[in-house]
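Chain nomenclature is as follows: A, B, C and D, assigned in order of appearance, with residue numbering initiated at 1 for each chain independently.
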Amino acid sequence: METHVKTGARPVKPYENNRARMLISCPDGPGIVAAVSHFLHQHGANIVQSDQYTMDPEGGMFFMRVEFDLEQLEDRVAGLKNDFKSIADKFEMQWNLYQLSKKKKLAIFVSKEDHCLVELLWQWQAGDLDAEISMVVSNHSDMKEYVESFGIPYYHIPVTPETKAEAEQKQLDIVNGKVDLIVLARYMQIVSPALIQPYRNRIINIHHSFLPAFVGGKPYAQAYDRGVKIIGATAHYVTEELDGGPIIEQDVQRVSHRDNVSELKRIGRTIERVVLARAVKWHIEDRILVHQNKTVVFN
Amino acid sequence: METHVKTGARPVKPYENNRARMLISCPDGPGIVAAVSHFLHQHGANIVQSDQYTMDPEGGMFFMRVEFDLEQLEDRVAGLKNDFKSIADKFEMQWNLYQLSKKKKLAIFVSKEDHCLVELLWQWQAGDLDAEISMVVSNHSDMKEYVESFGIPYYHIPVTPETKAEAEQKQLDIVNGKVDLIVLARYMQIVSPALIQPYRNRIINIHHSFLPAFVGGKPYAQAYDRGVKIIGATAHYVTEELDGGPIIEQDVQRVSHRDNVSELKRIGRTIERVVLARAVKWHIEDRILVHQNKTVVFN
Amino acid sequence: METHVKTGARPVKPYENNRARMLISCPDGPGIVAAVSHFLHQHGANIVQSDQYTMDPEGGMFFMRVEFDLEQLEDRVAGLKNDFKSIADKFEMQWNLYQLSKKKKLAIFVSKEDHCLVELLWQWQAGDLDAEISMVVSNHSDMKEYVESFGIPYYHIPVTPETKAEAEQKQLDIVNGKVDLIVLARYMQIVSPALIQPYRNRIINIHHSFLPAFVGGKPYAQAYDRGVKIIGATAHYVTEELDGGPIIEQDVQRVSHRDNVSELKRIGRTIERVVLARAVKWHIEDRILVHQNKTVVFN
Amino acid sequence: METHVKTGARPVKPYENNRARMLISCPDGPGIVAAVSHFLHQHGANIVQSDQYTMDPEGGMFFMRVEFDLEQLEDRVAGLKNDFKSIADKFEMQWNLYQLSKKKKLAIFVSKEDHCLVELLWQWQAGDLDAEISMVVSNHSDMKEYVESFGIPYYHIPVTPETKAEAEQKQLDIVNGKVDLIVLARYMQIVSPALIQPYRNRIINIHHSFLPAFVGGKPYAQAYDRGVKIIGATAHYVTEELDGGPIIEQDVQRVSHRDNVSELKRIGRTIERVVLARAVKWHIEDRILVHQNKTVVFN
């Protein structure tokens, strides 16, 4: 892929300089959409896309994603955020504003299986993942040469039972404050709570089963033993509970008695990489809100 | 199903008395969402759900579906509509307002194959199709007893080459002004332009192929001859062009060389009834906007 | 559906009088296919379809389904079976021979939800389930009139904690020896081991989740709470372990955060009835072999 | 991927030395399966897998794929083939015997879009495509460096209206007799009949639509204009009729009004590469028989 290599971030397209997205969660009540859209209109912003969802019209939560254009955004964004505070306070909103010109920075964690990493890098090269891949972190050195051929730094941090604590500290030192999202692309180690905490809802893992079926290790062997007729994969945010975090995306494929464990793994690899790439894309495009242990995905 | 029979319309639930939906299409421009949501808020309405879509941020069309609650809607709806006119004029909107208490009236057209009709009646009985089935019209008498056992009037209007014009006039007399939606549930006659015109975007047909593949007659035989590996069905609004109207919904299922034409028909029947029922449900719930020859479906 | 009512079994088509199927399981070894096909050829039978599968070429199990035509089958079937014994003994086969003229007899068990029952009856009427529906058994009386309108006997056997043992005995008395297959079409009672034992691999249940996810009660509520993005249904043979028997068929559909529990149930109903009907059809067509806790399905 | 590079063919596994597959087509008649399985058994072969299919029990075609182990195959294969001739003649069979130790040689043709090529190379590296990739041929030089990094020869043969005949002759010279299968991995030129003829049913193309919908150029633009709700891709053998050859595999994905042409292309790329890779895998594994313009795929 050397002929395609693009080091660092995806280029900023001209229109992205003036485009931003807001993600808003708050208790539902009258007038929220009116307040937000009126606020944006008053400030000269033009809404390009807007999605809302109310979990339960009777006293449920309200979720909103709004994408808008505003001339000279860079100069005005601080003021805009400041002005929005009174609305946010009134409706008890949790909210974030993301400028499209600020590409999210990703760290990809990987072990020995390369299919998810290869997919993410291919989609990134093709322009489908609009982010910066800042680094790849691995407990093995297998992918070093491949990753570096893209101009992406590769950190080989071996993990053994004895050095686990030390290795986790190294990981934390490398990523913390430097990346916005951590993608576990078939990283076969359990991630430290010390990493989960600062990256709450910002670590995406791919689990190679249709969760909550086959939690834990060797899910394809479990699936084969149970004789399921469909296998799947699940992308989810990582929480302290193993394979228990908010589900972002799942997909499946039909299998039959003819497929042994190794066939299930082969079929599963394609599901895994497609599901993980979708979840990462949606996170990058600010399409996901998390409430309790569930996601709202505006896609 | 006699124990379940409910003649006429689905019952109106209490919350439905004060709930309405607006469907809006207009050229995109700044301030539309703000104007609509501000208008509703000012009039005391609470937005329950809202969807927007802009076909092309640069000079494209804007589509909106907004569902809201308003106390004493029945008394205030005329005023609301009247007040909205200035906004509609300003943004050159095409719009409609639907009250949930006014159940849409359906006529189902059917020939000899019963699977789509049975599905619609079963879903209607189960409460999944929130409409009134006002009548069934058929060029055959086969379903008469079955339909009447639900308390639904059955009009048998035979169609022969000689009597086609007369039969079409009879159909028009029976439905026109009395129903809001015509569903062609495997009605194997071409519908008259005289019926299409007053029911523009209000006649839904199920075509037993994955359009635009296999337009016209005997699509399963065509599919078998071409050796496709997936078959499908398409629900679309009826226009003067045969099988050429705006597509509402499609679905497919995998087949193999083992499936002969009669197997394809059998498999296809389940796709057809599910796809048709989804399209009818979405129409009833005011989720579909048509622009040129395409649909925007907010589901 | 009165115009369609057909009491009792599906009619026997002429070609079915001379057609039979054999299902064979045995340890794999050289010469099995040759022995079976040679045997049939010698006896004047013409193989119409044949499927084999070897679980593991190194010392695994071998499974075979063979469908053949033999003139004057009825007169010759006893001799054929007798002659086959030496082959069966040599290869340690478990085997069965089914004549297509002997339609399998079904008992359908149902509680209050009617969608699976309605689907089975509709498919049976349409000729897609080539069996005799001998009776419907229910712990409620809701479906009595509907079922009897097809000319099918309806046994209402209420089940309460106090009368459970007695009710189970009644069920056993009614079905035992009179039906070949029991279909639990959303029958919401746990079936007695006394019934399971004589009907080993001949009771099919539909579970309203993608097993092994959400075993036990209220699977749609469980699915909603877990926030899955795909829901499913599973048809399996009933064993003494709740929801743990051999899986026959599964299917799924995509859902989103917009779907609450009642929407999941609605979507699930269509998956359930389609999956159950497929499993029943495959059993009726002798396409399923069970080995340990898994199925081989030749479809 | 440098760390993974494997030049030339996939390694031959020990069991493959004694394994072969036969593909047989002939008019159906009594005794075919018996004759073939008896023949193999007599010659000491052990059938590992066997699939049959009869297109129409009344005078249709019969298709068979049989995989078997035979000690010292290499020494005995010529004799085996010679002995089989009398059976083949008796039943008017068209047949081929493939040894697993002889890996098929592939030429991949590509233009500027790299996703199908990247997928094939990744699957080949992962061991999922059990073949030798002998060369890549392109009318552009874009992929040269990338392909050569795998140790695979890259032939850049520009095609212009003026040089088309000459370029086609060059292609023919390069591949003819040297490769067993040509894969058009988004090769955007029409292939010459001079190439099709010697490679009848041995050239696989990926068309970026759900054929027969959207034959010809710009299928995603056509799909967008027609407003379809599902898009797909089709892998087929190339014949003289554009996009009209026997379909091997198809798959689809749901889209919505939100997806513009460039989104359709992005979604389509994943369908295309998965569908093409499946078709190539099945061809390599001798799972496909062609009859008239349709395929029988034993998978």
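Definition applied: a contact is a pair of C-beta atoms (placed from the backbone, for glycine too) under 8 Å apart; a residue touches a chain by one contact, two chains touch by 3 or more.
These figures come from a predicted structure and were not determined experimentally.
Distance between Cα centroids is largest for the pairing of chain A with C. By residue number, more than half of the contact pairs of A-C reappear in one of the listed pairs B-C, B-D or A-B, namely B-D. Centre-to-centre, using mean CA coordinates, chain B is 43 Å away from chain D. Note on chain placement: the centre of chain C and the centre of chain D lie 37 Å apart, centres being C-alpha means.
Residue positions of chain B touching 2 or more other chains, listed in rising order: 53. Interface residues of chain C facing chain A in the complex, by the touch rule stated above, are 53, 55-56, 210-214, 226-230, 232, 246-252, 256-258, 260, 293-297. Across the complex, chain C is touched by residues 30-34, 37-38, 40-41, 46-54, 57, 69, 254 of chain D.
Residues of chain A touching chain D in their complex: 1-4, 114-115, 118, 122, 126, 128, 142-146, 149, 266, 269-270, 274.
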